Amino acid sequence: MRIGIADTTFAQVDMAKFAIEAIRKADKSMQIERYTVPGFKDLPVAAKKLLEDYKCDIALAFGWAGPTELDEKCALEANIALMHTELAANKHILKVFVFASESKEISELISIAKDRSEKHALNALALLKGKEELTPFAGKGLRQGSKHRGSLE
Amino acid sequence: MRIGIADTTFAQVDMAKFAIEAIRKADKSMQIERYTVPGFKDLPVAAKKLLEDYKCDIALAFGWAGPTELDEKCALEANIALMHTELAANKHILKVFVFASESKEISELISIAKDRSEKHALNALALLKGKEELTPFAGKGLRQGSKHRGSLE
Amino acid sequence: MRIGIADTTFAQVDMAKFAIEAIRKADKSMQIERYTVPGFKDLPVAAKKLLEDYKCDIALAFGWAGPTELDEKCALEANIALMHTELAANKHILKVFVFASESKEISELISIAKDRSEKHALNALALLKGKEELTPFAGKGLRQGSKHRGSLE
Amino acid sequence: MRIGIADTTFAQVDMAKFAIEAIRKADKSMQIERYTVPGFKDLPVAAKKLLEDYKCDIALAFGWAGPTELDEKCALEANIALMHTELAANKHILKVFVFASESKEISELISIAKDRSEKHALNALALLKGKEELTPFAGKGLRQGSKHRGSLE
Amino acid sequence: MRIGIADTTFAQVDMAKFAIEAIRKADKSMQIERYTVPGFKDLPVAAKKLLEDYKCDIALAFGWAGPTELDEKCALEANIALMHTELAANKHILKVFVFASESKEISELISIAKDRSEKHALNALALLKGKEELTPFAGKGLRQGSKHRGSLE
């Protein structure tokens, strides 16, 4: 199996590094292809190339959005395009975005980025195992970037 | 006939459980395929796989959106992608989303999730029977997640 | 010729009824196919099925949006998907939406719904006659749901 | 060569008239096809039919948006669908929209509509001549609907 | 290799000029195709033609957005369509937009436009070399239009 990793030079944390470490630790045989682009609006075509040209079975797309409302809107647009890419390739792309507005503390932003990247790397491995691999956790309030919230029930 | 159910580990209520119970109660012969993904932005490709790869005749997509405006915007984007998925597959995907902002009371949020999930499960069964199965209720102000509003006429 | 009518159980006025009466009155030979879905986000695939599977030459999609800003945004998303449906089918879908925020008076909301539904039913018949059937009214400030505004010139 | 013109009965100024006059004046041999629809959300499929069924080489789409924020958002959605239409047809559609909020003065709104329609008609003729026909004006701050702004350099 | 450059007559700075100079300086053998359109909403089909009809391997799309919120929203829509164009062509289009709201100083706006255009021109050359050409800079907080921010780590 092969995982594609698309990331950006815009980001201020090397999120892909955390994801690659988590994948290596969980599954030594997994192949990894990496594709780095300038900003998150360049991620959709990079992810498409990873899934189609580089034959990856799933992809992780790491985006980093600045603090303004315009930045957030742009990130939403990139997410729309990433969903279209998934539909065209019929494969998952886990969209791992950090928003600079999530914390004013640099150390906390780094923690968020690390936690989100690692957990989504493991989510990607789970999705590759089958459509019901995550079903035991359905409705359990899992979170990436912070502690799990848990079920309300 | 076969119903696909796509849901998330992000949700804090196991909405699919309510839907599956409602389907089982109404039609014991209906086959069900379930697909669990991390968050609602992963639902479109899961629903597509259910409709195309797993040959489901209709799907229910259960999403749970956090309380911020950004969460709500993300949920809209996921809905757009789900509509595109429906058009590509030429089959319905009932979009069953709960917004954390709908109530501050946990018990009420659970009630909303349960009512919406059950009613949309029955809507899916109705749509499978034919395009005019719901016509007697056209313009009748039906609601999922709360009591029906009724017709203004 | 055949007109498709897609409507919802969410709506609080049976808009399709007004449209069907207007079509019957104007052209007794016109065939009508109706498709009722739960909410306006289900209209795109219903309209697609009417245009493609049921061979309709044009469709009317009747939506009813609740009063919140979120409702309005959802309605916009449904409109985007309806435009994509039109492009894929290369046929018109007249998008007949009523927003609960258009009036606080129930009787006025019903009047808006009736006027809009009837006028768009006649617009559909006109579009079926040819691309210049409405040209004499180009720039004339026609309105559906209220009185015509007229030309500024 | 053939230019398609799509316009609406919703508009309160006959913008297509100004464009047709400008085209006739500049190039007597140019063929023109016109298609009138109710509102701007009906323009995408009209433009598509002009470009594909009526073999136009380029199209002008004339829209008129009401004064509310909802009207403006709808106009944006129509623009998205028009861009998709362009991509599918691989031909330009110049999007000529007037927003009622651009001026409170009727005479000024008419002037804006006239200036924008005429200038975009000439832009269409230029684009038909080749991809570098407008290059001498690149970055020159040209405007349609008002006086040119000029270059900042 | 061939780079496509799409720009507008709306822009108030000739951004393409800066990009072309940067490309010429870095790689004398690179072929350049230019396509000028009226405004940024015309960029998607221009970029598509550059990538497909003119066989460019990558494209730069230079947009200039006015100062209002409506202008910014329009720019987002153009970006969505550009991402769709990239996906359809399976090639990158670097989206180089300047917003008039980025600075009230004309000289600073020109500096932003120049820096962003030059850096993205070099990004395009890097992407043509391979998917990991930019990987040494992943997460390094690179910026176009201002000084690099650097990594937070």
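Read from first to last, the chains carry the letters A, B, C, D and E; within each, the first residue is number 1.
Here, a residue touches a chain if its C-beta (ideal position, glycine included) is under 8 Å from a C-beta of that chain, and two chains touch if they have at least 3 such contacts.
Owing to the predicted nature of the structure, the values given are computational and were not obtained by experimental measurement.
Chemist: With a step meaning a move to a chain it touches, how many steps does the shortest path from chain B to chain D take?
Modeler: 2
Chemist: How many degrees of rotation bring the Cα atoms of chain D onto the matching Cα atoms of chain E, given to the nearest 5?
Modeler: 70
Chemist: Could you give the separation in Å between the centres of chain A and chain D, each centre being the mean of its C-alpha atoms?
Modeler: It comes to 40 Å between the two C-alpha centres.
Chemist: State, to the nearest whole Å, the distance from the C-alpha centre of chain A to the C-alpha centre of chain B.
Modeler: Distance between chain centres: 25 Å.
Chemist: Which residues does chain D have that touch at least 2 chains other than itself?
Modeler: 80, 84
Chemist: Once you've mapped the touching chain pairs, tell me: line, ring, star, complete or other?
Modeler: Shape = ring; chains linked end to end, path closes on itself.
Chemist: Under the touch definition up top, go round the ring from chain D by way of chain E and list the chains.
Modeler: Order of chains in the ring, chain D then chain E onward: D, E, A, B, C.
Chemist: Help me check something: in the complex, which residues belonging to chain A touch chain B?
Modeler: 72, 76, 79-80, 83-84, 86-87, 90-92, 94-95, 99, 120, 123, 127, 131-135, 137-144, 149-153
Chemist: State the interface residues of chain A toward chain E in the complex, per the touch definition above.
Modeler: By the definition above, chain A touches chain E via 7-17, 33-38, 41-42, 44-46, 48-50, 52-54, 64, 70, 73-74, 77-78, 80-81, 84-85, 88, 106, 109-110.
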